[in-house]
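First, the structure itself, so that you have it in front of you.
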Amino acid sequence: MERTHTADGAGKVMPMREAVAAFVHDGATVGIEGFTHLIPTAAGHEIIRQGRRDLTVVRMTADIVVDQMIAAGCVSRLVSSFVGNSSAGSLGELRRRIERADPAPLAFEEYSHYGMVCRYLAGAQRLPFYPLRSYGGSDLPGVNGDLRKVTSPYPGPDGEPEQIYVVPPVNPDVTIVHAQRADRLGNTQIWGLTGVQAEAVYAADKAIVVVEEVVDEEVVRSDPNRTLIPAHAVDAVVVCPRGAHPSFAQGYYDRDNAFYRAWSHISADPERLREWLDEWVYGTADHAEYTAKLGEDFCAGLAVGEALSEPVNYGRRL
Amino acid sequence: MSAPTEGKETVNTLTVPGAVTSSELLAVVASRELASRRTVFAGIGLPTLATELARLTVAPQIEVVYESGVCGAHPSHLPETIADAVLISGAEAVLSMPALFGYVLQGGHIDVGFLGAAQVDRWGNLNTSVIGDWQRPAVRLPGSGGAVEVMANSREVFVVMRRHTPRSFTEVLDFCTTPGPDRALAEGIRPLGVGVTRVITELGILAREGVGEELRLIAVHPGVTVGQVREATGWDLKVADSVETVEPPTAAELRLLREDVDPGRVYLR
Amino acid sequence: MERTHTADGAGKVMPMREAVAAFVHDGATVGIEGFTHLIPTAAGHEIIRQGRRDLTVVRMTADIVVDQMIAAGCVSRLVSSFVGNSSAGSLGELRRRIERADPAPLAFEEYSHYGMVCRYLAGAQRLPFYPLRSYGGSDLPGVNGDLRKVTSPYPGPDGEPEQIYVVPPVNPDVTIVHAQRADRLGNTQIWGLTGVQAEAVYAADKAIVVVEEVVDEEVVRSDPNRTLIPAHAVDAVVVCPRGAHPSFAQGYYDRDNAFYRAWSHISADPERLREWLDEWVYGTADHAEYTAKLGEDFCAGLAVGEALSEPVNYGRRL
Amino acid sequence: MSAPTEGKETVNTLTVPGAVTSSELLAVVASRELASRRTVFAGIGLPTLATELARLTVAPQIEVVYESGVCGAHPSHLPETIADAVLISGAEAVLSMPALFGYVLQGGHIDVGFLGAAQVDRWGNLNTSVIGDWQRPAVRLPGSGGAVEVMANSREVFVVMRRHTPRSFTEVLDFCTTPGPDRALAEGIRPLGVGVTRVITELGILAREGVGEELRLIAVHPGVTVGQVREATGWDLKVADSVETVEPPTAAELRLLREDVDPGRVYLR
């Protein structure tokens, strides 16, 4: 995949507005990953503000931010393996679209979690397909023609030819992930749940990494194993503290469980959902305003204490 | 975020003293079934309660693996999701999803997988996708999550269903999201395990030993009759030669559950 | 794969002698990994001391320790993608075996590096095969019948059916890796080059992890992302400082480049090789004696300085 | 540990002032070819010298990816292997082998791969396995390492060969370990890149632009004749319409190489 390089090879740091304008186009396939942890909500909101249309969203757990993007009219197709509001209830807009085409239909490609993981694995590894031991006997292949079978060229345990399901690669035009930190070159470090972020980035033509903070290269380079996404795979680094709210960033802030529960009620009523978008997305210029609107006291309530990793020695030649 | 096991809480006045909630009942019964098991793939809610209680009672060696990537969690608080930050801090290992699903789950390291469902049939096949027709469903449910993989790759699967009704225990699934091994084998695909071996409900326990077998009623909660269970089941439910009566939660089990496992009553509500 | 659990679920720490006796049997397939870094030399020497026979050794870079095991008569079959003494020269015993069946033939299955990686990936994921974009036009499939092809069920870029090579899984009876540290339960942490160790362990029925040190569970648990091999995949933890010599352990000791260069000369002469084994392997009771024989001054020459990773915050609920 | 590029050092008295070793000559010529390239997959030895020199001269933006898993190394000392501890400390990223080979290399992120070989043919196919018959070789060489993957997945490949003899530049390879795209396509397998585009030797530079083309002589070192190169090549070597003379290493290039890149003369010897 061709990557963006700045003219001087120096930095890829840019504002969210610029990154979304540059890399998320109408009609694009957009990978958005982060499994409960580090969900790039702020990027989704900026896509809504910029009025993108006809996107195909690829996301394992299509949750609140996807429901919001659908409600804002950005999404015409969804590729996902879990379309629910975590364990806190339902996604109102998504259900109206799928159950009643209200106010418009939504094309939906249904997978299981590992099916999605394998699509990213195939995409990242430039493979024509990826095999997995799922789907035998499921009704999913009946509604998803991309779940196909291959016969292994090696005999199975019983000596007979063995069949296995495969999924096709997914190669998003752009993948967006949220991370704790990166350096200005794009070397990105994630800890806690790391999900499928590296694979989703490598599978994509372009990648936007939204981070809680940009740190000195020396910080990143003090622990190179923590860099899950190297600079060569990153096109834009966007600094956006609290950009994962209402999800969480391990070591930075906790999950806003109350908002998850609230969303089931907000999204159940199209009017109320519209008001929420007007107030919190269209009504804020950017995520800094959104965060200011949440308020310092509220954010303080999601603060976490300190639990530092023990340093390891990488060694130095004497 | 495997298929959800949570529903609306109702005190099970039928079967146990009013002081015991159906959450408590189901958690206790499920915990007892975990004796001698090593690795459990658990969703949040009842499976969390059951595995934590089992660790304090019948299965001290148990390791819970969460779909989010956490192995060997030592949470400071009861987790509210399978990805709760408290599961990560102090855990023994946190794996990427390719490693968790590929190496741990599909690799065959899970003894028991916990699943829930909107519908189950007599072979232990599960529906978590839709009520009605998939193309234009009456209710769009969350879908598989990792349930397809948990079923295909765990040695056995426990299903916890709060509601035991003919609509949820159905002759024909509206959609088979997560097939048991019988359906897989019919298609020529060989799964690792035997599929669902226990379905634990508000009325009792259904069991199934392996491929080719239907679920059978093996136990009822005190005060529940075999006839009530058959009535609540949407197919002609087979019944074991001798149906046992589930021993109600002991005072010790209830105390551990309420005071040690979930003092904040996150799930016990 | 079934794993060993201690009766009380407590610890898996055992002496090298016991671990090799318990898990490495005559005729077994033994995975030995560590890509230049963390090569489990001490385990190989113990296999030699215990006189194992007829082993199939699976190892990407068959280097000094493999040459030694072959010379000691332990190995009848080798599965590998690089049979050389790093960039320092040749493996004398291996070459004599393959070039002249002197003193006995050695069955050899030749792969490329990624072919070996994919065999471990298939083994770890319990897949019947793993696809890779290698081998088209190579003579390797002509001498290795396990390199086969599959036709993708999705159309290729030109709309035509696309063919791709696949490799079969490898599932060693036991895999042996070396790591910087583990806790007594087997949770294993590796930093620096991490190679294919996790996959090789997950692909195996049993796994022995040799470590520089066993640390408190609290140390491991302060940084769970560093645990590349969780306890459930480990059967034995062997404490063996400097057990990777002449290779290196990042942050513990440096590579003994002089020994690599010397091995090309030692192994070129069967007599000299035999003397070396007599003196350094058969002549030492265990790796502690081997290390003592190297001497403190020598070991001091391989010492490394300090370059600590910056701690990250995993957070604590307040 | 891709196929080795190192051989015995001999001062190339034919072509350059005695003060310039053939290592220096080859490193300088290879470094110039890296202008405008971004990502280089390099083995140790001459490729290390060439890429480090290129970073200081024609390609400051270059990123070297090592087969061992290192991306963006900032070594404190010149590395002695592709896995040298000094490549890891202070690196921007260290990846596992599945990620390095699967995502970075096969994923298509490498502009130029460096390879060496015991034998090369007119299409840029390479042998690093055996001299003689594979089953009972006269010389068992190390084998592929990652060379098969570097060839199949890099946009282009540079080969550095110290010795330019009819035995190493051969009409028919004893064994084709690492096929170029022509051989792959003949089997119906579509590689990512165009295969070998440059072969840099002690006598000059051979080039090949893409699929279907043979290597052609495009440049000779000062004092080397076209006839000498054709004589040293085991097939009827094509020659470009105008063969250039390689500009000898400049004083600046030599100073950088000797004082900044390899002051300990690890590879320059």
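First chain written, first letter: the chains are A, B, C and D, and each begins at residue 1.
Just so it is clear, contacts are C-beta pairs under 8 Å (C-beta built on N, C-alpha and C of every residue); 3 or more make two chains touch, one makes a residue touch a chain.
In this text, all values refer to a predicted model and were calculated from it rather than measured experimentally.
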Q: Would you kindly say which chain has the C-alpha centre located farthest from the C-alpha centre of chain C?
A: B
Q) Pick from A-B, C-D or A-D: which pair repeats the contacts of B-C, with over half of them the same residue pairs? A) A-D
(Q) I want to compare two interfaces, A-B and A-D. Which one has more contacting C-beta pairs? (A) A-B
Q.
As a quick test, compute the distance in whole Å between the mean CA positions of chain B and chain D.
A. 58
**Q.** Centroid distance [mean C-alpha coordinates] between chain B and chain A, Å
**A.** 28
**Q.** Mean-CA-position distance for chain D and chain A (Å)
**A.** 39
Q: Find the geometric centre of each of chain A and chain C from their Cα atoms only, then give the gap between the two centres in Å, rounded to an integer.
A: 35
(Q) Multi-chain contacts only, two chains or more: what residues does chain D have there? (A) 70, 85, 88-90, 94, 102, 106, 153, 192
Q. Which chain A residues sit where two or more other chains touch them?
A. 121, 126-127, 132-133, 156, 162, 164, 192, 194, 198-199, 222, 225, 250, 254, 304, 307, 314-317
Q. What are all the touching pairs of chains?
A. A-B, A-C, A-D, B-C, C-D
Q.
Residue numbers of chain A touching chain D in their complex, please.
A. 1, 3, 5, 9, 121, 124-127, 183, 185, 187, 198-199, 202, 217, 220-222, 224-225, 227, 229-233, 314-317
**Q.** In the complex with chain C, residue positions of chain A that touch it
**A.** 126-133, 146, 148-154, 156, 162, 164, 166, 168, 180, 189, 191-192, 194, 219, 222-223, 225-226, 250-252, 254, 303-318
Q) Once bound in the complex, which stretches of chain D touch chain C? A) 1, 4, 6, 44-45, 67-70, 80-85, 88-90, 94, 96-98, 101-102, 105-106, 125, 129, 134-149, 152-153, 175-192
Q: In the complex, go through chain D and note every residue touching chain A.
A: 38-39, 60-61, 63, 65, 70-72, 74, 76-77, 85-86, 88-95, 99, 102-104, 106-109, 153, 192
(Q) Touching residues of chain C toward chain D in the complex: what are they? (A) 35-37, 60-61, 80-84, 86-87, 94-95, 98-99, 101, 110-115, 117, 121, 132-140, 143, 156-157, 162-165, 192-196, 198-199, 248, 250, 254-255, 257, 304, 307
